[in-house]
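Should a chain be cited, it is by its letter among A, B, C and D, assigned in written order, with residues numbered from 1 in that chain.
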Amino acid sequence: MKIAGSAKLPFAAERAYAVMQDPLVLAKAIPGCDALEKTGEDEYRLKMKMVLASLSGSFEGKVRLTDSNPPRSFRMLVEGSGKIGFMKGDGLIQIASAPDGGVDISYEGDAQIGGTMAAVGNRMIDMTARMLIKRFFEKLAAEPA
Amino acid sequence: MNRTINLSVNGKRHTHQVEPRLLLIHYLREVVGLTGTHMGCETSLCGACTVEVNGKAVKSCTMFAVQADGADVVTVEGLAGPDGKLHPVQEAFWNEHALQCGFCTPGMIMVSKQILERNPDPTDREIREGLDGNLCRCTGYQHIVNAVRTAAKAGV
Amino acid sequence: MIANPFEYSTPATLAEALGLIADGAKPLSGGMSLIPMMKLRLASPEHLVDIARLPELNYIREENGELHIGAAVTHYDVESAPLLCGKCPLLAETAGHIGDIQVRNRGTLGGSVAHADPAADYPAALQALEAKIVLRSAAGERVVTAAEFFIDTFTTALEPGEIVTEVVVPVEPGLTGTSYQKCLQPASGFAIVGVAARVRRDGANFGAVQVGITGLTGTSYRATAVEQALVGKPATDETIRAAAAHAADGVEANSDLHASADYRTSLAVSYTTRALHSALSRSA
Amino acid sequence: MSTTFAPSTTKLEKLVGKRLRRREDPRLITGTATYVEDVKLPDMHHAVIVRSPHGAADIRSIDISKAKALPGVVAVFTGADIVGVGTVPCGASLPGLRRPDHHILAQDRVYLVGHPVAVVVATDRYIAADGADLVEVEYDIKQAVTDPEKALAPGAPAVHSQWPDNVAFTFHQNGGDIDAAFAEAEVVVKQRITSQRLVPNAMETRGVVADWKTNDRSLTLYTSTQIPHLARTLLAGMLGIEENRFRLIAPEVGGGFGSKLNVYSEEALTAWVSMKIGKPVKWIESRRENFMVTIHGRGHVDYFEIAAKRDGTILGLKLKLIQDLGAFHQLLTPVIPTLSVLMMPGLYNFRNIQAEVVGTFTNCVPTDAYRGAGRPEATHGIERMVDILAAELGMDPAEIRFKNFVRPDQFPFPTATGLNYDSGDYANTFQKALDTIDYHGLRKQQAEARAAGRLMGIGISTYGEICAMGPSVATPAGGWESATVKFEPSGKVTVLTGTSPHGQGQETSFAQLTADELGVPIDDIVVLHGDTSIVQYGIGTFGSRNTAVGGAALFYALQEIKEKLKKFGAAMLKAEEVELGDGVCLNPKTGESVTVQEIAGAAYRGVVIPPGMDPGMVVTKFWEPANFTYPFGAHIIVSEVDAETGDIEIKRYVAVDDIGNQLNPLLVDGQLHGGAAQGLGQALWEQGVYDDNGQLVTGEFMDYTMPRARMMPWIESSHTCTPSPVNPLGAKGVGEAGTIGSTPAMVNSVVDALSPLGVRHIDMPLTPEKIWKLTNGRNA
């Protein structure tokens, strides 16, 4: 399903771009992330635990950053699979300087889930994805400028 | 980690050691040996597994047997009298042809009994709303509504 | 469709239960949301603490103009208890819209509230009633309002180790009319949108109005823009229609297979209109 | 030997035609019936299947070591182990049909979500589930394609790499002169009409218990099927075992609707596992698996074109039918759209057609027979097209139907698709429906409603169907049916039917027929079915054939046993001429008589054996029908649309069905109501939706909207009766009528309601949101 939205970060564009490329920051910001190890150029192995209401499950997968165009835009791909299913998010993230000195971030992409989660979680994909993205940007915003 | 549970099923006391994850429906079907209660889904939406726990209709696929410790459970097998006389809801289902393949029927009968216990003279609308938790793929529900209405007239 | 193994405890007291929960056990009440997830192995708690039968959580009583409802009270009891039907009909009416007979017989008020499903029915009523939610942990008790409690999709003010022990709603003052109107998703029975309205008249005008909405977005909310557009205005169809148009103000609507965001938003307006009409007609 | 079709005249009350309550019900309402899941055998093991979560992927590796190490797990098998087991059979014989190998466990690739990858066998079902969770499969995910039109587009991912165009077959049928019809046309209307995937959702999921006895080399298989004998033959072939050492039992079957008219991987797999471990093995499908891997129905994208004259006379019809087949062929997968083509002309008197079917592979579960099987799609198409034509011409939809009906004097009526309609009076039945609902009054009401800004609709469907499957030439495994009637020495009567009823009630209706024909009390009659060791070979239950084919076979067996009773009776009475009736054989000259029970007893004891006769009193009859039957009817639905929310309210539903003669009208009502619920389900609520990756997003009752009691209208059902000449009962079949008739009536009603907004067509299901988009949420 299509995912699109926007967020604000209180950083200059270069800083905003840099935090989103920093594996240490990403490890803190990706909701449920237990570990993020570099496996290649702009590619990381991801371990995460997703807890949402009573649903919980561990996922292993990867994060990939591509199409880098600093400090304006890049693509981010997150995918993971585990016992309860798999998920995949792929989106273009664009950074624009805002008049308040921060940046406006806009994102647009696709989110998919599969496996058991998909069979019963249909009605929750959209709001869950939005909530997770919101948490992600909230964590980023808490980084030092 | 097994637990001992002690409950009454259709008036008979049972004591068993069970795993906490054992569903009540599996307990009834496989431990007690009463296979009239059926499992039609796993999301608590079809109602085929409906039994009565302490006088309340519940979905036995969405309850662990350990949660029924100490309870009085009634299944479809427990409705007819000791002489084999059918419960008025059973009789009405039979007379009105309220079943075809019969798989949903035990759950339908159990919930219909509850509908009538709480509302002895329901309207068709109230009957249909009362059946909200039970799916039937065969009858189109029309004869089931007739049966509940007939059972109401017979006085449950 | 079989759950992973778990340990199961049936503490005799709430204190004992909270001790286990503090150690990481998960509370099990009616299990209407948790057990299906466990059967699909989408949830695999290691230790369940059955709190449904604790007498300390099973009561409905009136105190100082408020109704106190224990967390383990079932939806059926909320729907049918004479005290609630008479003194807080909005909550009773809302309970009657949940799931089906079997689910209402087993599911509990506290369980549903704590689960905070964005499409659950109670939150709309609790928002409109400005309910208080009592939270307890081994460390103590605190009380939050419904508006504070429901934070986001399946996300509440509950801290680890804390459970909902009680919901407090006001004794509905005379002359107040209330209504819960729900557009249900026909497969699951969840709300696509649900709107709870409380209306008091002030002569020919609207007096105090509270509107709570569920299902539209990630969590329930008070539709304050609707309320503000009503208070002090003539109690007419036009006022209602104009006010209800604000039902989704400032809200990012959900989208799923059953209803796109635009459609949901439109339904929120329609059902807000219906709830207000219905509540108004029930107000003296 | 002569037989008589005329009902024997007796003074006993006849039971045929009576609304008798069912004899199968006491076990069902008391919870004492035995479904597959209720079968429990000593030392029974349990199987759980590990399935693909992906729509298309190569299997990189499977690690079963952790699962095998779990205490209680007895065995784990994967695709590599099933050497020598045959592939899942397909009974279609279309020329040029591409048949992918459909192994019972995936080999190196998975083709749909739910594809079986491994099976875990344990002493307990809970442990088997735990074991299945421990099987680790690594996949290399490939691009899936789930939409048949996308699958046909150039560059689409290939479901099977050897056929990059995703076309499994094309099928053409032409009748008359379509070019002339379109050349002559004064008006041509075109419409793309879809018939979405539906999930049959019998309330009992599938299940299998297999019991292999190594020393006897014998297999007993309990399976929830509609075709016990065919399943045995086909499974014996897959497993390489002897049919005469293979007993297949269809115990109580909790609904099928076509989804159990099949042979599935799991039936062979469970049997094979039992053979491997030498123990009884049970596999019970979960609801989630039922959604994922039991066949779906429908799945059409149809392009219709209709040529007509300005006076409404239909000249011809063109159809391009894109059938979403899924990833494999199940038993009848490719056959189903060809049934749609046969049914294309509906009840209408035009002789020019052109049809092209493109069977298309997708990464979805196979489609196959679901209640109506091809005919609901066709009927929906033609009934929609007739309404669209009426709208184009500004004609009343009732009038245009009257204008085009086949007339009673045209029967038997050869259709442009090569069928021969048996009997009917379509205008009469339709008129009865119009009168019942007061059609003209309704149109006046509608005009008033519209003037008041309300969206009221009246929807008509005058449907026909092909039933009583069927002559053997048209049915892949044979279209005949069998029956045995036997008197026991005590005079009790046992009927063995080759059909396999699972809710239809033939234990009652066949006993009614038998009681009437033999003049024995119905309580002395037992009807048995579904066990290959008890019942002679039969074809099974599908295509509305139980009564019209199975009942006819029984009728002929009854005539034959009556002749035998007469011969033995005559010998006992030492009479040349005897009369048989009311359970008594009478010498009309002397007034002496013997009862049929006495005759039966004597025939077993060999007291008197007439010359040329054999002792005993058993007759088995296999009967081949000469034609299908063609039930028809008219369904009319009145609806009102809430423009603000898109909600549809069904105000009235009138159905007049002509199914020929009825054995038990109470059971007929039940069939029609249930059929209508499934038909309304398609029109309004149900849809199997796959995302682009092959996930079935309506894969549980959470999201797949099943008709519930509160959603169903009251159905006012009545009948006309033109007996079928095809069989001696005059019965046409009723199992699918409601499903076929209801859907277009509902859609036509809503389109009619919205026609003031310029709406001509809406694809199913008519969800409130779709309607809301068309009304723009306007307040009426």
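Observations on the structure shown:
In this section, contacts are C-beta pairs under 8 Å (C-beta built on N, C-alpha and C of every residue); 3 or more make two chains touch, one makes a residue touch a chain.
Values in this document were obtained by computation on a predicted structure and should not be read as measured data.
Across the structure, the highest number of inter-chain C-beta contacts is found for B-D.
Subunit B has its Cα centroid 47 Å from the Cα centroid of subunit A. Spacing of subunit B relative to subunit C, judged by their CA centroids, is 28 angstrom.
Chain centres here are Cα means. That of subunit C falls 44 Å from that of subunit D.
The residues of subunit C that reach two or more other chains are 1-2, 4-5, 36, 38, 40-41, 187-188, 257-258, listed in rising order.
Each of residues 1, 83, 116, 119-120, 122-123 in subunit A touches at least two other chains.
Contact of a single residue of subunit B with at least two other chains is seen at positions 19, 21, 42-43, 45, 132, 134. Every pair of chains meeting the contact definition is listed here: A-C, A-D, B-C, B-D, C-D. Those residues of subunit A that touch subunit C in the shared complex are 1, 52-57, 83-84, 116-117, 119-128, 130-131, 134. Within the complex formed with subunit D, the subunit A residues making contact are 1, 81, 83, 85-86, 112-116, 118-120, 122-123. On the subunit C side of its complex with subunit D, the touching residues are 1-2, 4-5, 40-41, 183, 186-188, 257-260, 263, 266-267, 270.
Residues of subunit B touching subunit D in their complex: 19, 21-22, 29-30, 34-43, 45-46, 48, 75-77, 79-80, 86, 90, 93-95, 97, 99-106, 109, 124-125, 127-129, 131-132, 134-145. Subunit C meets subunit B in the complex at residues 1-8, 10, 28, 31-32, 35-36, 38-40, 48, 50, 52, 76, 99-103, 105-106, 187-189.
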